[in-house]
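Pasting in a structure now, in structure tokens, and then I'll have a few things to ask.
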Amino acid sequence: MSLMSKQVTVRLPFLRFKFPSAILLGMLLLSAIILATSIGAVSIPVSDLVTSRLTEQQQAVLFSIRLPRVLLAIVVGVALAVSGAALQGLFRNPLADPGLIGISTSAALAVAIVIVFAGPLTGLLGLYSLSIAAFLGAIISCFVIFRFARLSGKFSVTYMLLTGIALNAICAAGVGILTFLSNDEQLRTLTFWTMGSLGGALWPSVIVAATIVVPASILLIRSARELNLLLLGENEARYLGVDEEKLKRMVIIATALTVGAAISVSGIIGFVGLVVPHLVRLLLGPDHRLLIPASGILGASLLLVADTIARTIVAPAEMPVGILTSLIGGPFFLWLLVKQYSGRFGI
Amino acid sequence: MISVKNISYRIAQQRILDDINALFDAGKISAILGPNGAGKSTLLQCLTGALKPDYGCVTLDGRNLEAYSLVDLSKKRAVLSQSITVSFPFTALEIVLMGRSPFTLNNNSSVDNEIAHETLDLMDAWHLKDRSFPTLSGGEQQRVQFARVLSQIWDQKNAYLFLDEPTSALDLKHQYKVMEIIQNQCVEKFLTVIIVMHDLNIAYQNTDTSYFIKNGQVQVFGASKDVICSDILSDIYDLPLSYAAQHVNYGRNSSHV
Amino acid sequence: MIKILISFIFVITSTLAMAETSKRVVSVGGALTEIVYKLDAGDLLVGSDTTSYFPAEAANLPKVGYQRTLSAEGILSLTPDLVIVTEEAGPSAVFAQLKTAGVELLQLKAGRSLSDIQENIQIIGVALGKSDKSRELAAELEAATAELKKAALNQGTKKRIMFILQHSGGAPMVAGMDTAASSVIELSGAENAVGEYSGYKPLSPEAAIVIAPDIILVTTQGLEQVGGKDSLLKIPGINLTPAAKQGKVIAMDALLLLGFGPRTADAAIELNQRTKDL
């Protein structure tokens, strides 16, 4: 064949220059974990950690506060970044993020309702009342999207987007009304909840969130190949053997679950779902088989670093971590845009 | 062989396809022609399984199209759609490799890589393989997509190839090459090719059978060289006979290699 | 300060001018409403805001809304002659509207100290023609203040108290300096455990451990919002404080504790007593 004359060495393109970057990401996560575990109001130096020479106070802090918080940051970071990457694939748009389809706003509305109206409920469910409300809000939005996306019979991505826009508007209005009806304390509760915080990390929250996020994220990672094909177009994916209806349903459900779980334990943390996959795509390319897991790792690392800053920069008070991710994410995103569009015209 | 029996397709009250019957023989190249809005693309979609007709049925190799699983179908037939926007920076090679995905699970085996390189080379796009797909010109993109589609059925026997306006973005040189490749593949691998197209010249020169669709119905069909003539053209396209005659003469006069 | 003096003079002259007319009064702000009732002028009130829920009669008054989101028409619908507000009330445009409508406006300082409260009692007393009663009330407050000072002095080591306003799932909202909670804690002879910042801010859970308060103070409403004492003591960070380990939680009504009204001295005394008892 004519191939011989070209003297091609057929390498597996999938693994081309990606390995070094992947290892780099892994090391980044590891450093972030070590950083987050040792820095805090109660200092736990790495040397003491390794040699297990910890005071009783350090041990108590480590096991009942620091570790759950580190693990929670990882779980939430993975949840947001992985679902962001998958949604960008589903909508075939690198500007998509979980907030687009109304999941976060619905969760916020549910939380606002509980804060303003359901006093007795908080008595019953105590510390977890807001978490349960947020999760339910996210799941309900999923049902609404399903209902309306199927209006034309087929599961339409366009209808999903439109439903998301409407849902966002309605829920935002609802939150507005509840804000109006709230008193000072309720308002403050709601405001800080919507800014996101990992300060409430408890072992039960971490375990429950992980139980939802891990399987759903694995599902999304395993759909990577099909998401690649979906980028060619819905019909094209079908021609290549992908049941794209099933794929769409699965991605939306998995996203609602992961994002719902993340929001329920940490409030609304923005930009991770949008910027992290974008960044990974710049470094490692658009192949979802690498993009989705790598986004998870980078998301976890970033959130760990942001949270460490959030709880040390104005100590003893702490900043809501959602502010930091937006503060860093916003300008960073602008920089990304400038870098990309000066010269080339592909994304 | 694909046989189409009495298929109709309707959107709201509009009948897009109205009781269509057709037969597409194996190893032959068939053209679906007709004016805009006649229902050509809809017909193609019913043939590929993308749309389910409201009435009637389509059989592929004697079996109802709906009886095939998506995966089985993907190993039997490949489809090149009209225009595909890919806004993610996959390389051309990665796009072509996607065509092999019905046969591989997650890792691309070396066979798939070889096939991808071969088809790219065949489509005169091998030099583009590491370029970012969205940065390619319209014609280059179409050639890469064609390579992908070819890769999908490259090693299959008696496969089917559906093309929707495959030469629309190509320059004359590549138009010629592509039709030549289609013909060679058809002969070598006993492919059945169905093309929706506008270019009557190409249809005349390179296809065996032609179907003229107008208002959702098959108006005329038969051997391309018989059916593409001035009377039929003027009827189908509502043209004055003289204009139609010009068009057909042009086709007949150009020499075919 | 000047604004207060001007209002003072204005009120005196206008009161003298219409000494016999029975005024229709709207009171905005829980503390101010309490003062009105304490001055036996409750029957003059035709409306109050949602933070005015003590005494019980105050809760039954027509409500003009939340003190920071008042509406001029709502207030005007009660045809008041006088509206008593603190500088915390708003929005400010409403007051301009009320003045244009010919309603008398009495703007008082938001109480942050016992002397502030004394001042407010005086001013309101004059405005409502209850100067005698206000002197009585002032004397009561003086006595309570003296008792408080005595109790505070007999403290021994000062207890370190942390006030938690609410918890929304993240870090708990804790009172720093310059807050009503902080002032009451200090009045009661104890110490605000959190001295590093001002205002209400989310407190990093680990910082709570380092601060190690002896007692946790909450409002009864806040305790309910969190889900009870058990839930409160499970909040990350709080759970490892000495207060949580010994179960030392004090809950008091929000208006009583934070309102800085006439019952503030009593609130401080109660806090002092309960602190001693724990």
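Read from first to last, the chains carry the letters A, B and C; within each, the first residue is number 1.
The rule is simple: contacts are C-beta pairs under 8 Å (C-beta built on N, C-alpha and C of every residue); 3 or more make two chains touch, one makes a residue touch a chain.
Predicted model only: the values in this text are computed from it and were never measured.
Under the contact definition stated at the top, no chain borders both chain A and chain B. A comparison of C-alpha centroids places A closest to the centre of the full protein.
Measuring from the averaged C-alpha position of chain A to that of chain B gives a distance of 42 Å. For the pair chain B and chain C, the distance between mean C-alpha positions equals 80 Å.
In this assembly, the C-alpha centroid of chain A lies 42 Å from the C-alpha centroid of chain C.
On the chain A side of its complex with chain C, the touching residues are 40-42, 57, 60-61, 64-66, 68-69, 115, 119, 122-127, 129-131, 180, 183-185, 188-190, 192-193, 196-202, 265-267, 311-312, 314-320. Listing the residues of chain C that touch chain A in their complex gives 50-51, 66, 68-69, 165-173, 176, 194, 196-197, 200-211, 221-222, 224-228, 230-231, 234-237, 239-240. Listed in rising order, the residues of chain B touching chain A in the complex are 45, 48-50, 70-71, 73-75, 77-79, 81, 84-91, 93-95, 97-99, 101-102, 105-108, 110, 113-114, 117-118, 121, 126, 132-135, 152. Of all the residues in chain A, the ones that touch chain B in their complex are 1-3, 6, 8, 10-14, 92-94, 225, 228-229, 231-233, 235-236, 238-243, 281, 285-287, 289, 344-347.
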